[in-house]
Structures are given as structure tokens and as C-alpha cells.
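Note that subunit A is present in both complexes that follow, paired respectively with subunit B and with subunit C.
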Partner chain A sequence: MGADRSLKLLSGLGGLALVAYLVLWAAAGFVPERLPFFTPVRGLFGLLAILAVISALAMVMLRNPVHSALALVANFFFLAIIYLLMQQVLLAFLQVLVYAGAIMVLFLFVIMFFFQPGRPDLGSSPIRQQTLGGVLFALAMLAMAMVVIFQGASRRPQWLSAGEEVRSSPVAYLFSEAAVPRKVQEISLTPGRKPELQATRQEEEQPVNVAKAFGGQVRAIGIRLYTQYLVPFELTSVLILIAIIAAVVMGRDRAKKIMELERTRQGEVSGE
Partner chain B sequence: MTIDPASFIPPGYTLLLALVLFAIGVVGVLVRRNPIVIFMSIELMLNAVNLAFLAFGHQLMVLSGQIYAFFVLAVAAAEVAIGLAIIMAIFRRREEVDVDRVNLLRW
Partner chain C sequence: MTAEAVLTVPVVHLREWWVAFAPGIVLLLAVITQLVLELTLPYVRTNRGAWVVPLISSLFVLWAGVEAVKQWGRYPTLPVVPERGSPVLAADNLTLLFVLLLLLILLMVTLMSHVFNVRIRLYEAEYYPLLFLSVFGMVTLAYSRDLVVTFIAIEMLSLPLYVLVGLNVDYLKSGEAALKYFLLGAFASGFLVMGIALLYGTFGTLNYQEMAAGTMTLNGPAFLMAGVALVLMGFAFKIALVPFHVWVPDVYQGSPSVVTGFMATGVKAALFYALISLFAQTMADYRSYWVLPVAAFGALTMVVGNLMAIPQTSLKRLLAYSSVVHAGYLTVGLVVPDRIAWGYIWFYLVAYALAVLGSFLIVSYLEPEGKGDVSLDDIRGLARTNPYAGYAMTIFMVSLAGLPISMGFFGKLFLFVEAVHAGWTWFVVLALVASVFSVYYYLKVIVAMFMDVKLVETEAYRKPSPSRLYDLVYLLTLVGTLIFGVVPGPVVELVREAFIRIPL
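Right after this comes the complex of A and B.
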């Protein structure tokens, strides 16, 4: 399959998803009782999910690494909008700034350093059936992860007392329409005993809505980064410092060679 | 202390999306031969993990999801910087970066 054809196929699928979303939106506007499940936010989430999957597939399938990088940028933008839909504001902006801005620019720079057009990449495998094997392995892993994550949805958790509903299983809440109420949150976090941790939990966990009272999520997150999460935060800065030093040391090679070359040349000149 | 149900996204669907993206990233790592594209697939997998963190943060209405995703982001940035520097160093020595041919740590 040529790169052009898969690109056309994938962008056509994305266009179809967009049209389907618009049609559903209009239909839900005219006959809302027929489409009770469709809200603009949920529909937008579905559209963005489809687009994110399509752009991820494009990243894996396109042969030109520059095209792959651009598909990944598109993917990051779709994910950022999904984060915004989920009210995770700070990470949505960081996603665009750090991932789509900084990291992908680094990727594109490195690609342009040694992009060799015409070099076969996909499908020219010395290992037999590598593509098939990789896809099968990933599918098996996906199936296993789904089983592990979603199996509890059909099972009654053991720590529920007789009167309580099965719905209060934390896994069943994954597909329920409402955010988890406080009580179930505590049950799901401390299975097996009655929650008496309410005071401490409220202290250490600031709900998103409470964050509004503190002047916004970003401020609340910043406060917590510098108090409760101070040690991991500082460790992260050490990690990034190490990464910077390592990158500089790795990249220094050529500069050193050029300098040596210059020195020998100057030596030859002065030797004459 | 609830958010509008119409704008609430049940995290099961978000988790499904995260799983699918992670699996696509695994395919990319296993199938592609260009180390840069392999790195991009790893970025995709890290993003899927971030999405799962944020889905739970959204469901439980807490800020911890964003804080953990923030740390994942920082680690991803460090990893990319070092990884790309290693790829550059290998390319400078060998003039090729095909992962099948680069199988020695020193030569």
C-alpha cells in the first residue's frame, strides 16, 4: 500500500467521522427525544477519539518519517482537546506547549538531520512476518488489558453489604453517567473497611470544583506541586538536568572533532 | 459537588481510547525500523497513559490526575532528549540508523 493511498484513506475516514458528528448534532437538535445519549460534549469526544485513533494509525503507517511526525502532532492536538473536554485545563495547554511545541520540533530537527528519502522502512523486514507478528502481539495485549480492566464491571464486589447496589462497584462507575460521589470514592479506595478517612482525604485531595475557589486549577496544582509533591518535583528537575547534560555530552562529538581539525590545520600552517 | 452530567465523559470510554492508542504505539514499536518513528510510538504510548490518568482525575474530580500526568510529561521530555542524542551519536559513527543493523553497543 502506497503512502499516498493510506493517507487518502485515513483522511477520508476522518472526514466521514466529522460529517457523521455534524449529522448527529443536527438530528439531536431537531429530535432530541430520539437521541437521548447524544450530547454535544459526548459527541465531540467520540469524534475526537476517532480522529485520534486515525492520526495514530497514520503515524504508524506512513513511510515518510516527516509525515509520521506531523500525524503525531495532529494526534497531540486531538488529545489536548479531549483533555479540555474533561476539564483538565493545565495539561491540555501543557500538551500543546511541551509535546506539540517542544518535543515534536526536536523530532523534526533530528529527522531532517538524517532523512534519507527512498530508503525502505516498512515491510522490508529481515525478520519474517514481523508486521503480522507485531500487530497480533499488540491485539493480544489489547485484549488482555481490556479483560483486566473491564472484567469487574459484571462482578459484584465482595466488600459491598447486602443492601447496596451492584452499581457502586468502582468498575461499573467507569461507564456510568455521573462523576463518582464522595462515598463510593472512599469505598473504592479503601476496600474492605468503612471509610473514616474523610477529613484527611479532603485535606490532601482538592476536588476540581474546590480549585475554583483557590483561583483556578493552575494555581491549585502549583500549590500542591510545591507542597505535597515537592520531593518528586525536585527529583524531576534533577532528572531533566541529567538529561540536558547527557544530551550535550552525546552531541559534543562533532564539535570536538571540528576543533581538533582546526587545531591541526593551524599547526600545519604555523609549522611551515 | 457534581459536574453537569451532559458534559461528563464516563472514563470507561476514555480508557478504551487510551488502550487503543497504547496498542497502536506497541504496533509502531514492533513494526517500524526507523528508530525515530519508534521513539514517536513510545511518545504515543506515554500519551495514552496520560489520558488514562486524566480520565480518572476527571471522574474523581481531583487534581492528582493532572499532577501525575505532569510528571509523565517531564519524564517523556527527558527521555526524548537523551534518546535522540543517542540516535544522533549512532548515526554520526555509522551513517545509518536501521535498528536491525545497529546491534552492537560498542565496536
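Right after this comes the complex of A and C.
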């Protein structure tokens, strides 16, 4: 079972899924009543989700480490756009800046240092059962995530006070009523649910002011950081100090350093 | 901009930090002093002046100990937002007991390091700062009453250890051990963060007090179960419970012997207190979620750890598996809902720390030049060539095995009696059977020292002890193990007194 074959299989299946999805989305443009899932937001979300999964799989399966790293960067970008769809502007920007920007550049540096053009193959692992174990573990984590997500989605968070909207939860926003096209909603409307329609209409008439949302999120996080989480925030500075010291020790050319030290130490002792 | 623009940012004054968290602050002061000394005084970097930094550092440790004792019975807290009222850092008497234990371990390790480091050519000026920062992390962990602080503290205690493990240049396995420990440790941290996120999803707060006071309002039991499982995995890695113990023998063997002694005792003490304060105290209402997994971890640890320890021929690997097994015994105290049992966990950890530090002290000065490890062959006939080390090692082994006339015996006794009272008979029976089996490999060490004939002699065998500071640690560990093995009363009184009043 060659890794090349599974890679071909992946790209084939991924491409098929992508094309099928795009066809469905296009069809939804003609018959929106039949395919109520495809609102602009959800349609985009589905596309990005497929792309994110494909890039994540590619990251694991590609054999050239540089390609793997680039696939991971792509994955970070897709996730960042999904965060944007959830109105989490700050999170999206941090995702791009910190992960795709800073951390992946470090990754690439390290890969470039150790990458030997003659031996591009890092794919074959010496442990046979590793793949099977990894797949099983991934499935277990997936099952857990599913349980957690569905159990979580079925209940209304009770820490929200009465005035607040459930929509402040990002996932809830993505799948909220506001994202459903008005046409479909008017069809399914019953007289008893009239206030709800008004609410959604108001929501639609006032599009989210991105700049305000961005500033608001930064402000909210900043306030939390400097009030409720002030002590951990200050302790983090010690953690960074530790990391700096540790990096200095690890990064030093120890063999040379020790020779030098040995000389000074011996010199001092015999000089006494 | 309306009224909401007016925001008062709370300031934690240094005095508040000092009142609530003096031992930690003293440790930070010690780190700064060490760094400045190493930078400015060339004398302390020569072989003759190598004693200066550890000596000054030990004074700082004593100072931190005094500050910890001063907090006894005063329950200091550090809340940041007054109207919330739930502390982020706090100390009850049990916390202080654990902090004192950590400081004791740090003191002994500091005293031991000085001679040993010169021997293995460990000249890094950052050795002591890293050691102290690691203990700062442990002390923060003990004071922590908030999951964010807990996580940061665990990182603070781990990061220096990743470096310290790899500092033995002459020993190839040292670098390997550092890499293994770092990679697996990073994974474990990942699990821990995931678990903390799910616990937040369950309780809607990260604060221990609010978690204990509130109800599991959000998201139902699967969230809590997954969160507990992941947090437990993260902790189990650090204290080496069985499915997550694979790194232990390699890392313990590879790192410098004194650092191994520090890891085996300090990390375990700090993490067990974290387990007590997070699970046993905070999540006492949700016992059904975590008690059985913890017991299963413990049972598995005792069985597998013992089986793996029996065939070992390297003394450091044997002690590594022994430390795995001891983590298993300690979980017996964790599942008991009575808080006096948590005090006995502390008692057990004191006994364990004294015995383990003592044996690693002997290992550290018996190990042949450039070898980094002592095999059972190396210590043959030790009791005759070097009776000091031979008899001391015997006492430590007896204490680890839990035989009478040693502190280890009372440690096991108190813990197991409490567990039986709480109805955990099967667990205690298993632990007893396991400790009977464990006597075999502890006796193997004693037999090698007393019965076998010496094959090769190295110079270490004739030297009684390489330095006065070594002797001091010898004295502390030996006297502690023996005296409290005969009259454990004062220590038990201390434990009982700690529980006169617990706010929570």
C-alpha cells in the first residue's frame, strides 16, 4: 500500500467532493426552495470546510515536508475565513498573524535547515502499526468532538442573562435563523411567530459594522485580560522569561562553550 | 462615547502580591540574584567559587520557607476584581504543607548540585535559575485556584525541566531524553488545554471556587466527562501513571542524576497537590466522573510498574519504575473523599521524597566518570567498601519498599487505612499485593550491596562523601527517614492541625 496511491486517492476524492459541492451550490441559485441549506454564509462555510479538511489531510499525507508545511498554511487560512464567517474578526486576524505568519515561518525555517534535497522522503515510518493507531485515535477524538458539539448545541447556554441574545455564540450565529433566506422563512411563517420575523428583518437591515465589531472584540478581550485574568497575565511574563533562558541554554554551542569554561576553570585553579 | 467608556482597571499592588504569594516572590528574587551573581562575579564561575551561588540560593530557600510558615493559618488570597471575590491564588494549610515540601526538596537538590555539577562538567550558569524557576512554577501550581494559572504553572515547571534533562554533555542519552520529554510533554500540554476548554464549557468559569459553588449548568455530562478525561491525561503524563509512563525510564536514566531526583520528587508532589485541589476539593460534587478513572489509572500503574521494575539492572531505571509505582499508591489517597487522606498523601510524599533524594544522592556520586548511570553490578559489595553509602542505601530502599522502622512504612499504613475506612478495600488489597511484590526488586539492590563480592573498584567507593554539603543532605534524608519512621507522631499532628479550618 504505497503512500503515493493513497495520495492520488485523496486528491481524486477531494476534487470530486469539491466539484459536487460547487454544482449543488450553483443549483441552489436556481431552486432555493429545494436546497434551503445554501445561504451565502452557509454555502461559503461548506466550501471552506471541505477545503480545510482536504488541506489538513494533504498536510499529513504529502511526502515533501515543505509541501506539508504549505498545506498547513492553507489550512490556517481556511480556518481564519471560517472565523470571519462567525464574526470573530480578532480571532481570524490572530490566526493569520500568529499561526500562518509567525509560527509557520519558523516551521519553514527549521524544515529548510534540515531538509536534504537528496532525501525528500519522510513519509515511511519505521513503526508499522502507527498509521492504524493514529487513525483509531483520530476517530476516537472525532467521536468525542461530535458528542460534545451536538450535546452542546442542543442546550441553550444559561450563563447568558435574559437580555443577551444567543447569537453572541459564534457557532449559533453561523446556523442562526438570520442566515436563512427570507423567502423560505416567509413560507414557513406561522401567525404565532410574527415577532421573530421582525427581529430577523431588523438584523438584516443593520449589517454588522466590521470596524466596530473588531474594536469591540479587542476591547472586550483587553478588559478581561486586565481585570479577571490579570494574575495569569502577569505570571505569563515569568513563563516567557523561563522560555528565553531555556532557549539561550539550548541554542548555545555547548561543546565549544564547555571547552572554554574548562580552560578558564582549570587556569583559575592552578593559578591559585 | 458614553458612560461605558469609563473603566477602572484594577491594579494588583506589589504589596498584595507579597502578602498573598510571598514564597513565590522570594524564589523569583533568588533567580534574579543568581543571574546577577553569575554575570557580575567571575569568581563564582570557577571551581573554587562554585559553592557561592548554591549557598546564597539555599538562604533564599530558607527565607521562602519562613514566609510560607508565616502564612500558616492565615489563608491568604489574591483576588483581582473585588466584586467577584473568588481568589485566583490562595493558600490553605495543606497548600502550605506542600509548598514547604517543595522548598525542602529544592534545598536538598541545591545542596547536592554543587559538587555533582563540577563532576559531570555541567557549568551552565543558568542551572540554578532554571531549577528555581521550575520550583517557582510548582509553588504557583500549589497556590493556583484558577485553571488558567494552573496551566501556566504546569508549563512553568516543565519548561526548565526539558532543558535541565539535557544538560549532561558526556552522556549521549541525555540529549535523547530531553527531546523525548519535550515532545511528549508538549502533547500532554495539548491534552490539558483541550480538557480545560471543555471544563470551561461545562462550568462557564475557570475559577475553582466558582466551579465548586456553581452547578454543572452548561452542556451536560458528556462535556464534563470529556474534559475530565483530557485533563486527567495531561496530569497522568506528568506524574507518570501507567499508560503515559513510557517516557519515564529513558528520561530518568538520561538526565543528570541530581535532576532526576528533583523530577522524581518535586514534579510528583506539585502535580499531586494540583490533582487534590482540582479534583478532590473543587470537583467533589462530581466524584462519579473522575474517581473510577483515577482508580483505574492507579491500579494499572501498580501492576504494570512493578512488573516492569523487576527485570531492571540499571539503578536509575529501577528507581524510575519505582517512582511510577509510587504514583500508583498515591492515587489510593486521592480517591478517598476524606480530607485527612489528602494530608496523608503529603505525609507519603515526604517519606518518598526523602528516600528518593537520598538514593539519587548516592547514585550521583557512585556513577562512574562519563557514564551517567549506575548498574546493579557497579554497587556489588558496596556495604563493605563504603559502609556509609551501603547502609544509607539500605535504609532508603527499606523506606521505599514500605517496611517498618522507616517513614515509608507509616506513609503506606496511614494512606491504606484511610482508604479501607472509605470502602476501597479492593484497591488497598491490590496496593498491598503490589507492594509485597515490589519488595523483591528493592531487596535485589540490598542483596547486591551486602552479599555479592566487589568486581571492580572505582575511586568513588573509598571516598565516604565528596563534600560537606553532601553530608548535610545525607543527614537530612537519613535522619528524617529514620526518626519519623519510629515516631511519626509530630508529622501526623501537623497534618491534623492543618485541617482545623478550611475555607471553601
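Here is the rule we use: the second predicted complex is superposed on the first by the 139 of 272 C-alpha atoms of A that agree within 3 Å, B and C clash if a C-alpha of one lies under 4 Å from a C-alpha of the other, contacts with A are read in each partner's own complex, and residues count from 1 in each chain.
Here, a residue touches a chain if its C-beta (ideal position, glycine included) is under 8 Å from a C-beta of that chain, and two chains touch if they have at least 3 such contacts.
Keep in mind that what you see is a predicted model, and the values were worked out from it rather than measured.
**Q** Between subunit B and subunit C, pick out the one touching the greater number of residues of subunit A.
**A** Of subunit B and subunit C, B contacts more residues of subunit A.
**Q** For A:107, decide between first (touching subunit B), second (touching subunit C), both and neither.
**A** Only subunit B; A:107 stays clear of subunit C.
**Q** Is A:243 contacted by the first partner subunit B, the second partner subunit C, both or neither?
**A** In the superposition, A:243 touches subunit B and subunit C alike.
**Q** Is A:26 contacted by the first partner subunit B, the second partner subunit C, both or neither?
**A** neither
**Q** Is A:137 in contact with subunit B, with subunit C, with both, or with neither (first, second, both, neither)?
**A** first
**Q** After lining up the shared chain so the two structures overlap, which partner does A:148 touch, if you call subunit B first and subunit C second: first, second, both or neither?
**A** second
**Q** Of the partners subunit B and subunit C, which touch A:232 in the superposed model: first, second, both, neither?
**A** In the superposition, A:232 contacts both subunit B and subunit C.
**Q** Do subunit B and subunit C touch any of the same residues on subunit A, and if so, which?
**A** In the superposed arrangement, which is not itself an observed complex, subunit A uses residues 229, 232, 236, 239, 242-243, 246, 250, 254 for both subunit B and subunit C.
**Q** Quick one: in the complex, what on subunit A touches subunit B?
**A** Those residues of subunit A that touch subunit B are 39, 41-42, 45-46, 49, 52-53, 56-57, 59-60, 65, 68-69, 72, 75-76, 79, 82-83, 85-88, 90-91, 94-95, 98-99, 102-103, 106-107, 110-111, 113-114, 121-122, 124-127, 130-131, 133-135, 137-139, 141-142, 145-146, 149-150, 153, 173-182, 185, 205-209, 211, 217, 220-221, 224-225, 229, 232, 236, 239-240, 242-244, 246-247, 250-251, 253-254.
**Q** If we count contacts the way the header does, which residues on subunit A are in touch with subunit C in the complex?
**A** 144, 147-148, 151-152, 155, 157-159, 223, 226-232, 234-236, 238-239, 241-243, 245-246, 248-250, 254-255, 257-258, 261-262, 264-266, 268-269, 272
**Q** For a test of understanding, state which residues of subunit B touch subunit A in their complex under the given definition.
**A** Touch residues, subunit B against subunit A: 1-3, 5-17, 19-34, 36-37, 39-41, 43-44, 47, 50-51, 54-55, 57-67, 69-71, 73-82, 84-89, 91-92, 97, 100.
**Q** For the complex, which residues does subunit C have touching subunit A?
**A** Result: residues 7, 9-10, 12, 28, 45-48, 78, 80-81, 84, 88-89, 121, 123-124, 126, 129-130, 133, 136-137, 140, 146, 148-149, 152-153, 155-156, 159-160, 162-163, 166-167, 169, 198, 201, 204, 217-220, 222-223, 226 of subunit C touch subunit A.
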